[in-house]
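Scrolling down, you'll hit the structures one after another.
Below, subunit A partners subunit B and then partners subunit C, in two separate complexes.
For the complex of A and B:
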């Protein structure tokens, strides 16, 4: 028994060394070292490291939802819009006098319902998720403007403030802690439960999975809803941090989930990747954008650079797919 | 001096395998040469070298005295080589005529000269006597006619050498006859033809020479008329496997009626009724498109039923999704193992355990998958079916076709699944002779173990010899039923073509 476990750990170790995750960890280390040197040490000061950690919370939530969908072979481009809409909605109903807990619950349910609607559009009309969620995203952006009426909505709530800006032991941002905990839970679900396994099966080959008793449609409803749920959490996190909701919301971060997932080895083809990789992807992404700020790159050039990083991630994905299909004669 | 194609000492290695070693033989003009061998014998690699897809490590190709090298597929085409693969290389949205003359479209000042193109395409289509409309988009043609378009494409390129990679695998018998006629025409014109197939009957019908490869090595070359099926199989397998069918150890005792289908109608089926006992192997024969797959998909809950009753274990059932059918004890091994059967990117273990995960759990509230139980079950399946894989964690894509099929069989017949009715849709498609024989015996063993088995195959010889009873279908309904003892290829085929 312990023998097989040991052997399993060994092969897992071997696979890790040659894996993409290892290459990405190396990239992360090189990137950090470069920023540390260029910024003359400012990059690795504790204060900046805490900055990086807190900036990771929102993208971590986005990554979690989108990664699950991508493993199942689907995609959601509306996370930025739905997260922003949910944040806006939360601020609106808090202003209207809703108590905090019910307001949070309703907001999160709203996120899940938006995800469910995405699944409905994708499934009932058999539209590619890419196109369907682009359309729903545009609808939601419209609603954001309608609700906000061009203004930001201020929120002042001590509990939200603690969640958004508070630190545990002075160095650990509370929101990041929650986001990382969610990541661990998802990792366990993916690798240790039947539901998680089914996500991989459906992503690998939906027809074969269906004929073996998994219902790919049902899975897509659950996973789109989950993605909406996490988008809502991302939106709530931003509102908590800024103590206000604006029309831009988390739209600047809308592609971060996908970028982190792809950098972390989750392919658009579905059926592969996992949370450990996604975490490394997230680390690279956050280090990258923070590092650019610290060394004084202008925000516009930062946009260019994040676009290039996404392109780099996509290239890796395509190359990897090619390698797989080529080795099979 | 007539033309010829000669392979001279071709070798090719992939990491870990010597795919071809020192292969030499010659194919003559005006003759059809059969290239035979089990899966993994190196036939496909050799064809890929001929078509310029891959380059050999050593050796060369000589065409009529001229040494050739094909660094790219284009060079092979220019030298007059066309290889027709199972996967069509056509543009589905373009018309037949545009596909026949790719890159050589007649032009006017304003663009493509459609009239001339149509006339030229008609001439070629007429020459082969095919009922194809030159304006039809290729995507709308049947697989067989798409293949004919591919042949015409090779013909109009003035190819001297035309190689076919298992061309009849997706074809019905009538379509196969048309293909053979075309090959006969090409032969009469003095083309050099190479023909790869697993089907023995075809080899004797249309080929003049045979070359046998095994494990990447040349075994022997001979005239087809000087050999027989048994000798060829022996050469391919390396041992005498005797008469496959008469050596089967069959189940003799049937149990009670397990499945009864009454008046089943779907959009592809019309009033299908039959019954099946435990321990019985029921063959479904018919041409491609006769509705055999549709019958089992309807029973399995994968297609919608319009009318009719299904009685399973004495209870009337109608499954709305495969999950319910699986729970009740029905298992389907689908016809396309790579597209519908396996999850190629996942491990052997995950492919085996997928329908029984709910029985492989442990921990708090039985929430977690029991990896050790999964490993044990997979190992048992690997041992029982002698699946050749280096590890239970090997990706399914990397197994050979026969071993992939065994993974699917193991998935549905292991101790954890409660299968009572096992449906096998084309289980031997694209599988080598030795593994086919193994699978036939497995089918009989499943029956002995008390499963009721539905066995679908487009290969007549196989379906009549393995099944105990054969139902023949045509155009969505049943045209007849024969017992194995009475079944011949002729009477089954006659029923399959009956309207």
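For the complex of A and C:
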């Protein structure tokens, strides 16, 4: 009896060791070690580790929204613009005298509505999500400039400041804690609920999903709105941290969600991957960009590095897919 | 026979598009007669030629079912490389040739990633775009590079004192591409590959080879746009101009280039370029803030994509009607 259990644990362990997640964890450890050595230990000082954690909050939100969409086989390239727009909007209505709680609610609803509009454009005319969301991005960028009116908008709110910059027990950034908690919740929804399983079903085989009574279109409306919701959270987090909203906003991080998701094994084809992998992808991404800053690479050249990292992730994804196809064949 | 041909032209989507363009221009002209002054038209021509040149490369890729979202970065990269080469003392002709060659290498890299490794081109070219933009900013430290070379300033001159040289370059390219598309085997193969890759393969074509040529072509054309821009401004700017790429895509799709491949031609593309640019320069003339132009061009892209979708569906329906008709007449089917 215990023998079979042991055997089963062993197989699970074996499967884990050859899995992509394990390879990614190894990559993460190697990367950290390399940065620690090159930076002569600065990289692993507690202060820097906290920096990494708090930098993960924004990309975590972006990853969560995009990951869900990608599992269902769709994509959103407008997260940078929608997050920036929501952050800008929040700063604007706070300055106009809105109380904090209604302002936050309205901003988050705005994010979800933007996502819904994305879904509307994609579904009503069968337009490929990547180009549809690029087009809506352009519209949103216009609105960002419109609201900003060539200025940054300052935000001074103690609650937002605590959320953006505050630390729990001196070492745990509050915003990162919220973002990770959301990740755990999504992980549970994905694996333990029927809705979560339906997301995989839609991504893996839309026709089969339809036959099983799941409506892929309805699903895409829900998931695009969710993605807009998380983009809004990312935008709010940045505004809380900087205590001001600028037109650049989170646009520099716009592809981080996708990079982290793909690194973490969420395939572009849909139907695979999960939050644990996405978290590892996020770790690698954040380590990578923080490490480059610590060892003194200028932000300009970091663009090159992040582009290469995305290419690396995409290539791994394709190779993985090919391997799976070969195994099935 | 001739009357039918005329009727067909009048009924076509292109005629409608041309009509819309004329209406747009007329409307802005009524608001402000200065809109059609020589200076204003020349300004519009100069502005449209950069996005126009980029639109041509993208249109060719679309026709065969490819896509390149690094065009803007390739354009800026072209300007920066050319500017640095000229600054280092190389004669401008050689600098231009070398820059175009660099563009070719970038295109080959895009083709390699999309076709050999099998990445989705829309996302792999975004990654390449990030890499190129990083190099642009890193090399120039995000500063403009002035190009103090009067012989290189051809981009700011006019042919016969009327037509801006960049516009002439665009028109020449349109004629060349139209010729290739309509009169050569390669052009016809481009449509077959874009229409149905499997059918193309079965009929003995090599889609990868055709797409490789088009990826290289697009990167070269985009770097050329960057060179023309640098020549016109007499300086190379490394700063982002992501709008121009979206404008180029919008112009191409607006002009009837099928986003998913297999349809469209250069005369349509030209009308798309004209419509988009006269529209946005009209908005500028109304002294609206530039963000209205940004919003409008995003909306235009969505509208263009909707037309593309309706077009595609109409074509499919026509095909279905034909097949049903054939099935109803069994004698013909054999």
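Criterion: the second predicted complex is superposed on the first by the 313 of 329 C-alpha atoms of A that agree within 3 Å, B and C clash if a C-alpha of one lies under 4 Å from a C-alpha of the other, contacts with A are read in each partner's own complex, and residues count from 1 in each chain.
Methods note: a contact is a pair of C-beta atoms (placed from the backbone, for glycine too) under 8 Å apart; a residue touches a chain by one contact, two chains touch by 3 or more.
Keep in mind the model is a prediction, meaning the values are calculated, not measured.
Of the two partner chains placed around the shared chain by superposition, subunit C is the only one that A:255 touches, whereas subunit B remains out of contact.
In the superposition on chain A, contact is made by A:214 with subunit B only, not with subunit C.
Of the two partners subunit B and subunit C, more subunit A residues are in touch with C. Overlap of the subunit B and subunit C interfaces on subunit A comprises no residues.
Looking at the complex, you find that subunit A touches subunit C at residues 77, 121, 125-128, 130-132, 134-146, 255, 258, 268, 298, 300-308, 310-311, 314-315, 318, 322.
Those residues of subunit B that touch subunit A in the shared complex are 14, 19, 44-45, 48, 300, 302, 321-323, 326-327, 332, 334, 339-346, 350, 354-355, 357-358, 361, 367-369, 371-372, 375, 393, 397-398, 411. Looking at the complex, you find that subunit C touches subunit A at residues 69, 113, 117-120, 122-124, 126-135, 137-138, 141-142, 243, 246, 249, 259-260, 289-299, 301-302, 305-306, 309-310. Partner subunit B is touched in their complex by these residues of subunit A: 1, 4, 8, 11, 192-194, 197-198, 200-201, 204-205, 207-215, 269, 271-272, 324, 327-329.
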